[in-house]
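Dropping the structures in below, format is structure tokens.
Both complexes shown next keep subunit A, but they swap its partner, so subunit B is in the first and subunit C is in the second.
Right, the complex of A and B next:
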């Protein structure tokens, strides 16, 4: 096949841009992974030698494990709440044509647009006014509000792809509304719920601004603890924690893709 | 096609009629300010196959949804076997519905799709399995039970949709434009197959279509709808041979409409195209009335030489359509006329002068010309 010069230049340019962007996106992650495997005592790059000692060290660091566990709990509770509330909201909003639905959509999306700091501060003030004391649950509530938009967006996309005739058809076959929801609607939007939940979990797990304002003294979350450790000393354990998080995230993404890929093959309508 | 239709007529008398009688009385429906349906009365006998036929926007789909229970009519009543079902929700009416694009559940296999209605009614597992096997056998899809809908062709999807609708043992089957998603070649085969199936089940069926051929080949009786009103309810043959209105005449089959004017007694009509005809249907009319005369293309014969009573014309274009040719002519009045005749019977060229002879004047229909709307011609 013959290609003229312009085509080749274009192809080369796009290729170079793609390579540069990939490098830019991957480099920090790679650097932190490499540093976490250092045998030395500092965050020096390149490392003087290789060792898994900092990962082993993590298991003997209750001051890191405890916040990690709390972050995990917060993220799990947040994900569960966001998935249920967000899916319900998405079903309501995207099955309705009323103007109120559009308004609610914009309202639920607002935490995504507002600066997280301003939003967290205002939520703190509200808790103060109504006399709600900060606790694990105020933190979960704050996280849920900022994580719900992700679920609404992704479930909303799935709901919009759902052919409403399928629901009508289910009813015509004698199914109740609840049976129709369980057997038709839910399986067909499951991919959106899975994807939305994963994003909600990740964004809750590494959320800093909301946690800064809404956590009480006993509820210390991982990202803030890591920051506190780094402020005192350049501890390599922080790199090791980052390494663990990167690997776990990758596993999560692969699992979601496998799940999503699976349901996508079922979820595709013949049209 | 005609032979298959007569074959169907014999199966129509199958004794095993399990369907219900359907009665619609004074059904009217409005969306906002616009009237979608007005004064619809219809009585359907058990086991009958009815087609609701009309152009888009005539209200036929709304009527189907009212029968199904998805739409609550503004006025009137719906009764199954003399029992009013106006307040019965759609999922309690025991209706089998076949949707336009089949609406098969994409995440369920063929067998699960067919079982869906039974499972939703909490039928026991063994009964569901045997019923699904029976239905799949009935539509010749037994070997496809474990496939997903997207792995099926259009015709196969339609069979599954029908099996799913029939599995719940419905008293009434509703089909919404059932053949519109199929290839033209496949359509006739599926029409024959589905008509056979519905008739052998003895279920009362109502189909909605805008395709007159579909309605003519499938239905025992056709309800022609126009602008929310019933124009005529009759058998396919009667609709074709004795249309009650200009609309039905134009909608069922092809028709040439010619402007004319009655002249005196004994049914004499002067055509604008320059001929006089004596028409049985014109005898009732007073003289000097504007009328529209309808002549079917197969009731005309094209001659190359002048003969008494024939209408002079000029051939515009000839289209060979296999068994017959359709020849379009222009008359002296500027009106165009289509003639359908066997290819051998005429071999002239476009632009040639010709004369139109009428085969049977008793088959010509005469209607009052609608006031202020010559556009129908």
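Right, the complex of A and C next:
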């Protein structure tokens, strides 16, 4: 009897907390989408009426569009660099069993552990000391260091599942190393590269700590601009920008799931 | 295993990235340490004065303590919310699992500024919480939720919840379901099963998630400044203010190194402790 009561309380408690966290996970996204369609001048909730005025307003806001474009460019260059350098590094590290490989793995993963602000401050100070002026490419360099671990993790997982016999076979049958790489290795790790690149892109587009130190007036990126706007006033245009980002992320997530199961790659790497 | 030259030949593809890392990661961090030992912002006189300044300044010490506390509180809140979520996930069928995976990944992939912005809308003066409570007649006047410690903990808990939920779900999936069933069959109530079987066996996953949440919450500059407001000063904004604001580079360098050592140290210590505990479990 007492046990029954305890079990029911347990079931109720787990159910209630799970419902609360589900709501908590979903609510902010919904809130952003709803508030972005307000007809009012403030972030008052519920909105007094509905309109797309703030989305239209975005087209007349070069001070937001320009940083958005720079963010896209930075994220694209960062993703490309991370994908090439990171995939190559993952192939090297996970095909080798030497101690140096483990050391390199630890080195390449350390940006995920160290607070990124310390690293970006150090890079800024070094640029100052050697007299290198901040530019688009110094920003991309900083982003690449913090984004490349994602590519290495996900490509690394794919490389470890790759049966080395396949490569040996191809080579012993007379295929060149380049041909083997193109026809055997690359197709088998492609999913890892795609998933890693996607995460690298998102984390570069979203990056704050590196841009905070390495972006200047000419390379102002979107997250920093939005932060600066919100520090000054609660501008409703931020809601519209947020709405655009949420919808694009949703589309990206659905595409990634359809292409190769992003959730599966996540499950593997987060364990 | 193989000849050294061959072993290094296999590593050749990693060479370009290794060079980038040495130039743009290792050397700058060494330079950061060096700069933190200068006495003045003009880089004169080597001395540990910046560290002594930090240790003798109650304000600086409180900023560090507050930041660590924030990380721990958020990790604990996320743990309480993530366990039930993970338990429901594991007990559910394929469709519910897919929906939950989607719900967990969505905030993880949505921009931090967007997630933080949502909390400004929820907690603001005219926000959802205040509007609901006022219209229900539960509150007489709008409460100050934005720019408060509680609001900051709540917002960060939601923002970092996926980091806790994913490792926990992984841990629970690997747990042998028969163990819980056996305990129940032997007459244990579900509370007892949870605390004596499920919790101890999934503790490594919980701790892994907790450490991710701790580090993410302690370093969340955007959420801390926008939801916490100007009066709550934490290490990230302190470092930003001392470097980009006051341009006291040596002190900012020392601050960021102290912060790094604190975060990494706590993560390493708790991680080591949990490995020790789980090893003890297997031994008994």
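In the analysis below, the second predicted complex is superposed on the first by the 242 of 271 C-alpha atoms of A that agree within 3 Å, B and C clash if a C-alpha of one lies under 4 Å from a C-alpha of the other, contacts with A are read in each partner's own complex, and residues count from 1 in each chain.
Convention: a contact is a pair of C-beta atoms (placed from the backbone, for glycine too) under 8 Å apart; a residue touches a chain by one contact, two chains touch by 3 or more.
Since this is a predicted model, take the numbers as computed values, not measurements.
Subunit A is touched at more residues by one of its partners, and among subunit B and subunit C that partner is C.
In the superposed pair of complexes, A:187 makes contact with subunit B only, with no contact to subunit C. Of the two partner chains, subunit B is the only one touched by A:179; subunit C is not. Of the two partner chains placed by superposition, only subunit B is touched by A:168; subunit C is not. Applying the stated contact rule after C-alpha superposition, one finds that A:121 touches subunit C and leaves subunit B untouched.
According to the touch criterion, the shared surface of subunit A, contacted by subunit B in one complex and subunit C in the other, consists of residues 263, 266-267, 270-271.
Only residues 1, 7-8, 10-18, 20-21, 24-29, 31-32, 35, 80-85, 87-88, 98, 100-107, 109-122, 124, 126-128, 131, 157-158, 161-162, 165-167, 169-171, 187, 189-191, 194, 205, 215, 218-219, 221-222, 225-226, 236, 239-240, 243-244, 249, 252-253, 256-257, 259-260, 263-264, 267 of subunit C touch subunit A when the two sit together in their complex.
Across the interface of their complex, subunit B is touched by residues 163, 165-166, 168-176, 179, 183-184, 187-188, 263, 266-271 of subunit A.
Interface of subunit B with subunit A (complex): residues 68, 70, 90-92, 94-97, 99-101, 103-107, 116-117, 120-121, 148-150, 152, 157, 164-165, 168. The touching residues of subunit A, counted against subunit C in their complex, run 3, 6-7, 9-11, 13-18, 20-22, 24-29, 31-32, 35, 42-46, 85-86, 88-89, 91-93, 95-98, 100-101, 104, 107-108, 110-111, 113-119, 121-126, 129, 141-142, 144-145, 148, 202, 205-206, 208-209, 212-213, 222-223, 226-227, 230-231, 234, 238-239, 242, 245-246, 249-250, 252-253, 257, 262-263, 266-267, 270-271.
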